[in-house]
């Protein structure tokens, strides 16, 4: 292992980068990072330079001897990196907005990762990510690739199936559950064990243990236990529904279990041009206004509005575990390999894993009950088709993928949405022959 | 094996019975049936007697020495039967109508076997079917039970899981495909091979061979082959969708792939009080008017309007294959046992099977492609929960089952539909504690 | 399908060929064979011509208009064939004798298909068979390849894994069980159903039904049933052992279940130069003396001493079923595909299959009990390694394969046997780099 | 969790107990043990009292306030225990000696856990262990049962299948590998990662990482790497064999891979009445002579001759991990649950597991290569039958189990060995009806 680390952030101009930098600074004593390379594309140059400026001020403020290097040359940035972090957005926010608007216009959920929106984002993003992986294979074959790019599960699966890169998919969903329970039960995160089963953005908690005591029933019944819980997190679920499920869904489950209510909300936002993409555009604008202020030399608090809470913490924790070979447990997107027996071996899943320097090993998941299994298998099959469609550029497969998605109400609807989306995204889809 | 057969028809007062009798008469030379017992419940007595009268006239006309015995004593009817055929409708057409109306009112598909309607029918029917199975276990343990009662896949699964009866689930879907292709290609049914994969009312054709020649592409592309096809059956599917699927869906798939269009049709019918239940009620009324005419001594042509085409033929063909130990291939609902590798072992599936006197063995199904697998696994998980809910009377499981169904758009919707359905069906649901 | 059939027999000079010809003649009315090509290698030319002479006399005697064509040009023989039958013996009887003698000398079972002997035969034979398959892929891509070449299971697996040829592996073990029970119970073969589970030469009967009645207990207990069995076949097994197994082993199981007794017999034979290879050499010599007699124009009775009883019948029955698209049941070596759930998908197994013109589909096998499963999985893993060793020429894999075999008592013994065998077979093992 | 721990040692009179006590003393600061209950049977009373005397002297010497309680009342000892450790020997050394002598006399491996000897020990031990488990279920349902009783894998499987106790099977094999590599590479154990696959006493190393660097090739090739390895452990294996296997076997593999050589050694020992049982008897005698010396107040060095090195360390480490909820990795015998995909779900396996206070979760094992898989599946199937035979007392199943074992050369041999063993062990086999 190299004595000092080179970290490469692809999509370095992202508004999230300052949080990541903050985490690197805070852990420099154990990580000993020598260089952080921030790389982006021509269209993102302006934001990249703003971030780089802030980064350098942050380093200076912290007295941290990490070299911040900014480049548009991705290969140079990748060369000999120990860790490559990908947080790209192909087509930028403009295309995300299209994803949302086209979906909602056709009467289906419009969302960055779930449903038609996530599908389109995957088609745009997979070819770029596989190009990045080819460069990692060539210029940094031993590097770990930490992928945050959404839809993270689908992207990670594409990489697992079509490259030899050591990839791990990350999401801040799991760490947020830990933080939430830590607060609710007033215990440190280390005293909490959570059994997860699922795939990215469709993950269920099937067991919750606080200091070795089973406490999931607290959550499922909405009742606090007199023992030590201070309060119970409000999940916004019907308790009868939760209790009969016997598991805690994640936030993204609302798109499936509360489809009609969310559709109504989204339609309202759509009519007022206030979908999530619109909001994020505004937040980003404000963030970059702050970032470019030469007096700002810390991560601004406003970043928390952006979402992605604890995203940096989960990334840095993972890098530390790999680097220090700690053999501790993280919840990650990895190849299934029989861990969830009701899914194919070669797909990505999001489960607890033991992290070592040389490998990441999922912990066995027991039998999955049918109320979880049915939806999980359905969405995973959609994801498999999406990966195949993105890689082959086969519009028939794309039609099958989108039709299969449980949030799409008919083949005709899928066809119309797909047709419009392919047209709008034409420049990002060289693999589809128009 | 008994030298002469006793056949027992539970739900003997069904309007379908004359077709079955016609089949028995036509095959009496090989089957050598001595007695046909028609059994029904008190509420169905009137229709039972009408059918029995017609049955006797049919036997007389045909010069067939089969004894027609009518009874309300189910145990006596079952005792020592060689074959028991179940075609019951718990709650009769009135409850089917409720299933449809409540579903449509809540904005979801209202149908006899698919979605909320089929779910409710299963809850009503499974306890009665398991009672019948207990009687078969006691009074005719070697009998074959041929189940036509819908939802046939779910009912058959409940019996496979909760009784020791030799049950086979039947549906006329597969035979209709054979008949359709026989007509389209102008060849006898024996020259046709169809590879089926799926579960009852959700069955795909993945291979079609006419005289050993692969012809599925004819159907998927809508193009006739100059070789020997006379014409191509019109399936009413978008050809681009079909072709990319690489498989032929069955009619019930329209509820999944054309949900929005069918919902619109159903809502129209609902508003004019002309749902399928209303139509069937009218057809049945007319049929029984004919049946009770003492001059009628044949199956009337009007029966064909009732649906269920070739239902008798598939039943009689199956009885002949068992009776004569022909080892030939039928498409049946049986225990999976690893035949479809992506489904649990203990569920019912609908696939090609080899029929012998002593056993029915499914033929191995290859890998199922994701566009089929995702929906299949989802609906099957719903069916498993439905069986468990029906057997335990656990309303939490019922809520999970209904929410899981891909045609139900939210947990709230499921809860409201379930609540209303449980109330309306109260008298048929002793297992649910109110 | 061609109107008249071209059959190609590779290894046409085999002493078995007359039996095959007899079968073809007997079924000419339904098969309508136009040409039988007998092909062999230079070293087998003399025997090939003798067989061809007899073949022509047989055709003449039978008044059968089938053209017998003799050639050493394998590609020409394969071109446009409808069926290719392979019955080759790479290295001829001399190498078989070496297989037996080296094995026994090292204190292990010396046998044509089981243990070290079968292993060595597989290494010699697989490359030749894969060459044949390449020619079939090129010159007769639609042909069915019926493989009798031993070890038939391993050879078939190599072809399934490393070619695209439509291959079926055949063995006369299953048909002999049918014949034996037909005689024992005095019923036609069609009244018998046998449930088989296993792989070639390691196949168990787990169910026996005579006219739909379960009769396996007759065999397992050695007791005749008063109902209709005339006598019970003597299997030479300890009845307590059989009964606790709950299944009927095949003859080759004796190498595993009676290893020490058979080793003693083989050592005796070895000392007197009377192993099976020696016997077969003598029988073959006598047979060819008869075959070349110009007065002989029928299959001589002496052929039955050669073993391989009903080998022709099973081949011809299979060809008839394919040709006539009968959809009937044969016991064949095919790709597993999940049929036997405790074995990998891509291996060959020997089970009941439904035969159609365009495909052969295995019938689902239920759960395999541990007393069968353990040995079956062990031998299959050995077979997988053997295929891999034969294809790659990797002597390390060969050492692992042979050591793994349950009849080899140590890695050292495996190493010594392998070393001697590789040396002796050098000319037949171009894939192994010496 | 209780503030102070009650530990119960069943088979407390074992010569191993002092090592365990030494470990408890050394970790008292974190474990806070209040009571250690030593329980044994009437026949073991004398040894129990000797051990208890030594235990008290050890506590006094260490100034450790742990109460040592001696009893023959097992239920009282179990009541409210936090951890129960089982290290019993049903029939004591006398029966072990019989196991060895009968086996060797019949020409098969005679060993405590492998082959016929381990089989017989399992039949004697399982009923006693299941009785203990019933008492744990009743008197200490939350206790963890740490089972060292051999054959540990089979015993653990019997408990997993036939009780509800939280059981973990332990063996000192894995820890010895860590110690060996720690010494060879001169690194602390924490810097070593080993990938294990297998079952108790049949465990392979498929990956070895020292500080994240893959080093298994060092071992397989017998070559040291210049980087940091000080020396390479001598495993006594043929390097060509090891290298082609691609994995490191454990010591017990020698019974399978060097069967003939070990048989020869054992026969020699047998003739001189110096089998392992004879040796152990002598060592035990000498140990107890030391133990009862009132001047001895520490674990004597002579105990190391007894075998079982680091047995205490692995037990205490495990208790610490559970108690402190460390989520670290131990190699344990647990329920498979799909971790090793080629074995049934409900069997015991020995793999890396994450240990938490409330559960022990195996880490996913990748695909098992055929050279490992074949033997592993075979021996596991034997173990499954052995458990079933021990629980049911079915001598037919016992015959199948023993015949199936790959070290038994024929059904006849199995029958003779079984017959003699059942007779000699009659008093310990109430479940077998004689």
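For reference, chains read A, B, C and D in written order, and residue numbers begin at 1 within each chain.
To be clear about the criterion, a residue touches a chain if its C-beta (ideal position, glycine included) is under 8 Å from a C-beta of that chain, and two chains touch if they have at least 3 such contacts.
Chains and their UniProt names: A, B, C, D = 6-phospho-beta-glucosidase.
None of these values were measured; they are calculated from a predicted model.
Peer 1: What chains touch chain B and also chain C?
Peer 2: Where chain B and chain C might share a partner, there is none at all.
Peer 1: If you average the CA atoms of chain B and of chain D, how far apart do the two points sit, in angstrom?
Peer 2: It comes to 56 Å between the two C-alpha centres.
Peer 1: Please tell me the distance, in whole Å, between the geometric centres of chain A and chain B computed from their C-alpha atoms.
Peer 2: Whole-Å distance between the two chain centres: 45.
Peer 1: Give the residues of chain C touching no fewer than two other chains, as numbers and ranges.
Peer 2: Not one residue in chain C touches at least two other chains.
Peer 1: Check the chains against each other and report every pair that touches.
Peer 2: A-B, A-D, B-C, C-D
Peer 1: In their complex, what parts of chain D are in touch with chain C?
Peer 2: Interface residues on the chain D side: 238, 240-241, 243-245, 257-261, 342, 370-371, 373-375, 377-382, 384-385, 388, 394-397, 399-401, 403-404, 406, 409-413, 415.
Peer 1: How about chain C: which of its residues touch chain B in the complex?
Peer 2: It is residues 1, 191, 193, 207, 209, 211-214, 325, 327-329, 337-339, 341, 352, 354, 356-359, 361-364, 366-367 of chain C that touch chain B.
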